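Order as written gives the chain letters A, B and C; numbering starts at 1 within each chain.
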Amino acid sequence: MVLDNEQIIEALIFAHDGPLSAKKIKEILPELESEKNIKKIIRAIDDRYEKNNSPIKIIELAGGFQMVTREPFASWISQLYKSRSRSRLTRKGLETLAIIAYRQPITKVEVEEIRGVSADGVIRTLIERNLITVKGRRKAPGNPLEYGTTTYFLEYFGLKSLKDLPSLKEIDELLKSDSHFLESLDQVALEKILPEKLGLSSVDEILGAEEQPAATEAPSSEASDEDDSGTNDGDDREGESQ
Amino acid sequence: MVLDNEQIIEALIFAHDGPLSAKKIKEILPELESEKNIKKIIRAIDDRYEKNNSPIKIIELAGGFQMVTREPFASWISQLYKSRSRSRLTRKGLETLAIIAYRQPITKVEVEEIRGVSADGVIRTLIERNLITVKGRRKAPGNPLEYGTTTYFLEYFGLKSLKDLPSLKEIDELLKSDSHFLESLDQVALEKILPEKLGLSSVDEILGAEEQPAATEAPSSEASDEDDSGTNDGDDREGESQ
Amino acid sequence: MLYRVKLDIFEGPFDLLLFLIRKNEVDIYDIPIAQISEQFLAYIETMQMLDLDVAGDFIEMCAILISIKARYLLPKPESENEDEYDDPRMELVERLLEYKKYKEASIEMQDLEEQRSRLYSRAYFDYIPKTEEISDEAYLDNVNIFDLMMALKSALDNMPKVTEHQVELIRVTVEEQSDWILRKLTGKPMILFRELMQTMESKMEIIVTFIALLELMKKRLITVHQSENFDDIRIKPAVIIEEE
């Protein structure tokens, strides 16, 4: 069997854990000479996959190439991992991460200044999840640690590089659009909170009102949220496959 | 995009963590009825791979199906894993590495005093992995070797210099916000429901009760030594940087 | 009567302020400071009325709002012309907009997270031959600085001790106690809090069980009622759990 470079690259990307950079491929196949060449070959592989209706595609992210399944298969695959679906970041986590991503390297105090609240627990969680790391120390009194994002951060959000971060809104855009902000607030809950005294009603009232939907759908199971989405996925699938 | 079962099975085998059994596939795609059917489809996928000269094939093992690269590609792929397969870092190794990183230059006997077990094998592995190296000899009876971390260690952890390692005090600060679960509690509910029934008067008492072992004992015990040396580290660092 | 406020709605004082500005439909550059700070204070007061530990961050913001309000009461220096007059609200507005900028970005990042989570990569590749002896210890291939820090803590925590050291083991976990409570509720319309507590052996166990109870409330698997202060608490399953 004569192996051609296209096949070797395909095998390498398949076998590698995480995104594989063109640079690394060139180390293994120096005869390919340029990374541009390598990218061309990878594009050819991906085109072939697409033409063949393969459920797999090759995406570029975190400075490398990685094979992943196409979106429509997500609902099936998620069933393989039902029990341990990766937990999404909380709103707090995302906010803090956004500040760190756009302003890195940044110290904890600076993050807190922007958010107006303490960042203690969040920073730990983000480090623990390998989304941020210590990048150095600020040359300032106390030499505080500076934080920045990791390569895994790019992988997690499917970004090629930090340049691919969504662009920050200009001030006039910010003023216009409240939609995002509203979206992020749980409006139903707000109605409940605000009434008379900006946020009070008895527990029975709140719980009672909130429970109705949950009670019918998720009887005794615990992670009711995840289960719900699982059920939805299931429904989608039936719809799609028929 | 209409998804057919063949594509879904292909995606499932690709994404699964280890060999995927026909039984599991049937759970996800019950309409396929028999495992025999499923095996037939998998064989069709594999035949297609072979016909297309794909570097990937599907093998049956351990009661399941798994995608692997064909043998001729092994030598290329082994280059991806070259550094890794030789000697991997274990939890034990990581602990030893952490001690050496923070206490360098340090002798083997000193490492063993902290860890309470022999460090022979681990130190060898860490040297093999180029994470630590011999830094010199201690001017003490027997002139034991002193170990410290390498440049590769810094690279590995994304640090510019050893000064960027979080100090013990900073680690404590990061870790003390270990209040993941407390954070998630509704404090109001805590205060309102709980009181006398539990023989406790306030949330603080509960929190206090939990923290006590750490809070009251740590200062008086050996941990205080660590704190001291942590401060020393800090001082050294400042000294170095000036 | 017990109260429960969904405080987690507001991530911080800026969140609350932005919300009030929107709710009152006022211009962010022309915040009616008296009105907004009044509402902000009302919110804080209700929190305090509930004996809630009002986060220092919110109180700090109160102070800022009050000081801005106070500066309005001072007469404007006559000599300066209008252009040079700096609005005491400007700094706050700038901070608000800065915060909002990242908040909006974080919502776009959430979309990216969602999209990315639908792409699955190959999870497993059995290249490394299993011939080498494998110990019980997990192999750590991609360790980060957090792992390194945890390893140091663990090494120091487990350092052979010269001094005597008493460690109290918590024998139950929140998960265990949640399951236990749900089992207790199986086939029953209700149980009393007192009944649950009777079997407890230690304070720690009670606390853990109590936390489990709160968790279950949060997950809406149970509801909790109390007729009056210090009356026994009735715990009901959200739906009657069938006996198997």
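We adopt the following convention: a contact is a pair of C-beta atoms (placed from the backbone, for glycine too) under 8 Å apart; a residue touches a chain by one contact, two chains touch by 3 or more.
Remember, it's a predicted structure, so these values are computed and weren't measured experimentally.
Closest to the protein's overall CA centre, chain by chain, comes A. Greatest centre-to-centre distance from chain B is found for C, with centres as Cα means.
Averaged Cα coordinates give chain A a centre that lies 21 Å from the centre of chain C.
Between chain B and chain C, the centres computed from C-alpha atoms are 26 Å apart.
Of all residues in chain C, those touching 2 or more other chains are 2-5, 50, 120-122, 125, 127, 141, 144-145, 217, 224, listed in ascending order. In chain B, 11, 14-17, 67, 69, 77, 157-159, 165-166, 174-175, 189 are the positions where the chain touches two or more neighbouring chains simultaneously.
Taken in their complex, chain A has these residues touching chain C: 14-15, 17-18, 59, 66-71, 73-74, 77, 86, 88-89, 91-92, 94-95, 97-99, 101-102, 113-118, 127-128, 130, 133-134, 150, 156-159, 165-166, 168-169, 171, 174-175, 177-178, 180-186, 189-190, 192-193, 197-200, 202-204, 206-208, 210-211, 214-216, 219-220, 222-224. Against chain B, in their complex, chain C makes its touches with residues 2-5, 7, 50-53, 120-128, 135, 137-141, 143-145, 147-163, 165-168, 174, 193-194, 197, 203-204, 206-207, 210-211, 214-215, 217-218, 224, 226, 230, 233. By the touch criterion stated above, chain B contacts chain A in their complex at residues 1-3, 5, 7-8, 10-12, 14-17, 20, 24, 27-29, 31, 52-56, 67, 69-70, 72-73, 76-77, 79-80, 157-161, 163-166, 170, 173-180, 183, 189, 237-238, 241. Chain C contributes residues 1-6, 9, 11-14, 18-19, 22, 28, 39, 42-43, 46, 50, 55, 57, 61, 95, 97-110, 112-122, 125, 127, 141-142, 144-146, 178, 182, 217, 219-221, 223-225, 237-239, 241-242 to its touches with chain A in the complex.
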